[in-house]
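In the part that follows, the structures are each spelled out as structure tokens.
One chain, chain A, appears in both complexes that follow, with chain B as partner in the first and chain C in the second.
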Partner chain A sequence: MTKENGILKGALRKPPVQTALFFAVMVGLPVLSERGLLPHSFVYALGNTLIYAIIAIGFCLLLGYAGLASLGTAGFIGIGAYTAYFVMQQLELPFIAAFLATLLLSILLGVVVGFISLRIEGIYLAIMTLGLSETIRNLLMALKPTIKIELEHVRLFGVQLGDRGSYYLILIVFSVLMLLTASLIHTPTGRAILAMKNSASAAQAMGISLMKYRLLAFVIATVFAALGGMLYMLHVRTMTTATSTLLTLTTSLNILGAVIIGGAKSLWGSTFGVFMIYGIQSMFLSKIIFFQKNPAFITMITGLLIILVVMFFPGGFAQIAAQLRLWLKGRLLKRKGGGV
Partner chain B sequence: MKGNAFSFRDEAPAPAQNPLLRVENLCMYFGGVRAVDGLSFQVKKGEIFGLIGPNGAGKTTVFNCITRFYPPTAGQIFFENAEGRVIPLHREKVHNVIRQGVVRTFQNVEVIREITVLENLLVAGHRQYRCSIAAQALHLPALRREEAAVREKALAVLEFMGLSAYRDRYAMGLPYGILKKLEIARTLMCRPRLIILDEPAAGLNDAETAELAELIRRIRAEYDCTILLVEHDMGLIMDICDTVCVISFGRLLAIGTPEEIQRDEGVRTAYLGNRKSGEV
Partner chain C sequence: MFAAFVSMLCGSLLNICITGLSAFAVTLIFKTSTTTNFAQGSIATLGCYVTAELFRKAGVPVWLGLFPGLLTGLLCGLLVDIIIFRRGKNVNPVGKQIITMGLVSIIFGGIPLLFGNPESIPFEPFYNALAAGKAPNLFVPFAGGELVVTKHALICLAITAVVLGTLFALLRFSKWGLAVRATASNEYTAQLMGINSHSVTAVSWALAGALGVLAAVMYAGGGAKIGVSFMTTIQVNAFLAGILGGFSTFHGPVAGAVCIQLTASCVGFLANIPGLSGITRWNMVIVYALMLVVILIRPQGLMGKPVMKKV
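Here is the complex of A and B:
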């Protein structure tokens, strides 16, 4: 029995198994809402939350593994959102064109920021990326105050995507990116990125090019954020660039908060952090009349959570989970010992 | 095999015609500070070469120039690589120096604390992976093969260094002496030709220093490489070095065998000060 347990535990640690389990659970939720067991808005909010989760795992790699601080997330999201709007609504090109254009633009942007990160570090890099993000937001505002993709243009390989379709698309993109990122972490590339964060000198002496891996980390974070923006336009289909908080510092900080609350060095922890910050907010808190009347209190809860986690569990929820597991194991062993 | 390598060295101390490393007229200025000022020396193949000098003499700066962490203000550094070609090391990129077989440790132990001891060695084998990043993200079989090869090598190095017991321990929280050993172990992952040790004995007690001396000799014999070290522990320097080079204020003061250096009047003055001026 213990051997079976061991195999089971080993399998649970493998990224493909974890991702498949997550996918299996999430794929069933729209069916539940169809049966009337869950409200329709729940699945819609879940889609939004998963978009933030995509952005968060890219940011987790950047902050937790590469040790690079960025406050430019919102700007990168904006790039993806606008590209999707421009290609699909204005040019009326298919989804794949929007996808490739977003990919290309975000890679370019990631490379540029990556190069800058070779010169500027720490808090100055954060300020620089914040400036860049604001520039992008103002650019988008000047380009078009409201961007909207008509439902008939939201097509994937000729099939029109409804609410459920876009949810499934988001879930698939999340699962693929999660799987790739989680796998990459346990490879020479993942270790090189971590080495760079721990000691830039040691990494270089071991033959790791700071330029290559800093660019890579920024490109991954930027691409994930831009894809998040693109998916947002497919899911929500409209955005007021002038007033949307999605393009402001709030979003960048929320993503940062989610990653820190969840555990900066844990992809699943970061995903969990997103569910704490966005999920609870959109799926539960927004249903309570008190919070509807005082939306500022929702942000306060987020702030409070960050303070508590940073003070008592710098490793985030991932650390809490690990400690809980150890404690349970200890209890179990004790009980066994007592029984004999 | 290993015994042979030892005895071979004892019988014939390789009459090397070409030096392994040639530093010529090296200058490194930081603003007005002349940290290294027209320094030249040669390191012969297979020797243990000690670089000493009073605090602030510019020893670590010399190391940083050789390993390309600093771009020298002037001067050239030539290195004979594995193919026997003499290359201008001062034109290499900092992360490519290791490909020529030049590896180093740091004065303040620089290990990757968030990963295990074994993984630290895998990081040191970074340049032996050929897989593209895409192949890595997909965990293709090619990666698994390469990973197995590098891992096997890492296990052998751990065994050689006596670190096997710490294999799966996270580097964070390990004792200082173990981390210093880990840094040296890391240099052995890449077929080293020149190992540069920056104060390997700093912070070690007498017994550990004696062990280190033995270890450095064993590394030279086993890996057939040359060792260049900066050290303040004179006992260690005089014990293991074939050649000692003394620098002071960035300039060469003396170079020779440990015995010659011990007799040198200029070296004594540099370290202890001039007796006459001291009395005034």
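Here is the complex of A and C:
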């Protein structure tokens, strides 16, 4: 029994197995909603939450592994969203063109920010990226107050994507990126990024190029955020650049908060953090009449939760889960000992 | 043309005051608690709501209602320090930032619960106390043209000058100022030297809260529409002013705030040149981009000293 148990546990630790499990569960949810077991808005909200989760895993790599704090996430999302709008609605080009354009622009932007990070560090870097994000937000506001993609232009390989189609697209992108990131962490590249976080000087002494890996970390985070923005435009299809909170500091802080309370060094923890900050509100609490009437309570509870987790569990939910597991194991051992 | 230009610069007086006050508040907390306080704007908004509510419900004039507002900001700052930050000394810098972000959520949620969700909140500028209903602008003949200044901006400038002047003098010459500067340079050593750094951080938070409320009331008096997040832009500008001027001194961020707002109005003035009339839309983009370039060239800020890293 113990051997089989061990194999099962070992398999569960493998990123492909975890991602496949997650994928399997998430793929089933729209079917449930079609049978009337789940409200339609639930799946729509889940799609939105997964978009934030994509952004968060990129950010997790940047903050938790590379140790670089950025407040520019909102700007990167905006770049992705505007590119998607411009390519698919204005130029009426297919999805692939939008995807490639987003990728190219975000890599460029990531390289620029990466170079900035070589010159400026710590909180200064965070404020600097905040400045960049504000520049992008003002740029988008000046370019167009409202961006909107008509449903007929949302096509993937010639097939029009409805709400459910875009949900599946988001889920696939999330799973692929999660798998890539989780695998990257265990490669020499991932180790180098982690070494750089722990001590930049020591890492350099070991022959790790600070420039190469900082640029890489920023490029990954920027690409993920921009892809998130692109998917947002495919899923929600409209954004008012002048008033949307998606482009403001709030979003950057929420993503940062999600990663911190989830556990900065845990990709699944960060995903869980996103579900806590964005998901619970849109998927569950907004269905309860009390919270529908007083949405302010949700905001307050989220804030309180963030403060409590940061103060008492600096490792976030990942730490809480680990402690819980230890405690349970201890209880089981005690019971076994008592039995024999 | 020149008079119009100077008028334009005068138009940014109010923004200079507001951003300067906020930047000073942000710096005070940055130096004593080593965190960027994202709740700066929200605490200010809360205090401004108190003033506005007194004006709307009880007809208390704004210059009088300002004081309960300031007190709210003061208490908020004090509570944040005593309840949260004093216990969270060991939280890492990013964690501290996240805590202030949690505070933003709590205040954002709390304001509609306390004050409801009114469509628009009536407010009045300070000069109403002296001459209600009189013309809001002052016209001064100048260099062959006419200077236009709002009275509100002039009053705010006077208040800001007195407040910031007093604070700089206190920082430079008083015992409290010495304690703040010592805590800012190294909290642990300051404690060893017998400085009560707890009271230093508590006073800093309280002061920052009150300064924020002062800025918010000035902003609202200048015609800004009060809302839950109406101070966000000001706060972002204050942070940017902080790194533009350099967080290593107290006057740097204030100078940075002046620079940002003056540049903004200069760029806005370019719209008068034929062929460049479309520039107004791009105003902030140009200002931010310029600022980022300056910071890249001088990472320590305009007035900052470069930090030597010890291994």
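To be clear about the criterion, the second predicted complex is superposed on the first by the 330 of 340 C-alpha atoms of A that agree within 3 Å, B and C clash if a C-alpha of one lies under 4 Å from a C-alpha of the other, contacts with A are read in each partner's own complex, and residues count from 1 in each chain.
FYI, contacts are C-beta pairs under 8 Å (C-beta built on N, C-alpha and C of every residue); 3 or more make two chains touch, one makes a residue touch a chain.
Values in this document were obtained by computation on a predicted structure and should not be read as measured data.
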Q: Evaluate whether chain B and chain C can sit on chain A together after superposition, giving fit or clash.
A: fit
Q. Touch check for A:Asn138: first (chain B), second (chain C), both, or neither?
A. second
Q: Identify the partner contact of A:Leu249: answer first if only chain B is touched, second if only chain C is, both if each is, neither if none is.
A: second
Q) Is A:Ser201 touching the first partner chain B, the second partner chain C, both, or neither of them? A) both
Q: Look at A:Arg119 in the shared chain and tell me whether it touches chain B only, chain C only, both, or neither; answer first, second, both or neither.
A: second
Q.
So in the superposed three-chain picture, is A:Gln160 touching just chain B, just chain C, both, or none of them (first/second/both/neither)?
A. neither
Q) Is A:Gln292 touching the first partner chain B, the second partner chain C, both, or neither of them? A) neither
Q) Hey, is it chain B or chain C that touches more of chain A? A) C
Q) Once the shared chain is lined up, is A:Gln90 touching chain B (first), chain C (second), both, or neither of them? A) neither
Q.
With both complexes superposed on chain A, which partner does A:Leu63 reach: first (chain B), second (chain C), both or neither?
A. second
Q. By how many Å are the closest C-alpha atoms of chain B and chain C apart after the superposition?
A. 8
Q: State which residues of chain A lie in both footprints, the one left by chain B and the one left by chain C.
A: 201
Q. What part of chain A is in contact with chain B in the complex they form?
A. 180-181, 183-184, 187-189, 191-192, 194-195, 197-199, 201-210, 216, 265
Q) For chain C, which residues are in contact with chain A within the complex? A) 30, 35-36, 38, 84, 87-88, 91-95, 97-99, 101-113, 229, 232, 236, 239-240, 242-243, 247, 281-282, 284-285, 288-289, 291-292, 295-296, 299, 311
**Q.** chain C contact footprint on chain A (complex, rising order)
**A.** 63, 69, 116, 119-120, 122-124, 126-128, 130-132, 134-135, 138-139, 142, 201, 248-250, 253-254, 256-257, 260-261, 264, 294, 296-307, 310-311, 314
**Q.** chain A-facing residues of chain B, complex
**A.** 67, 69, 93-99, 103-104, 106, 110-115, 119, 122-124, 126-127, 129, 131, 133, 136-139, 143, 147, 186, 190
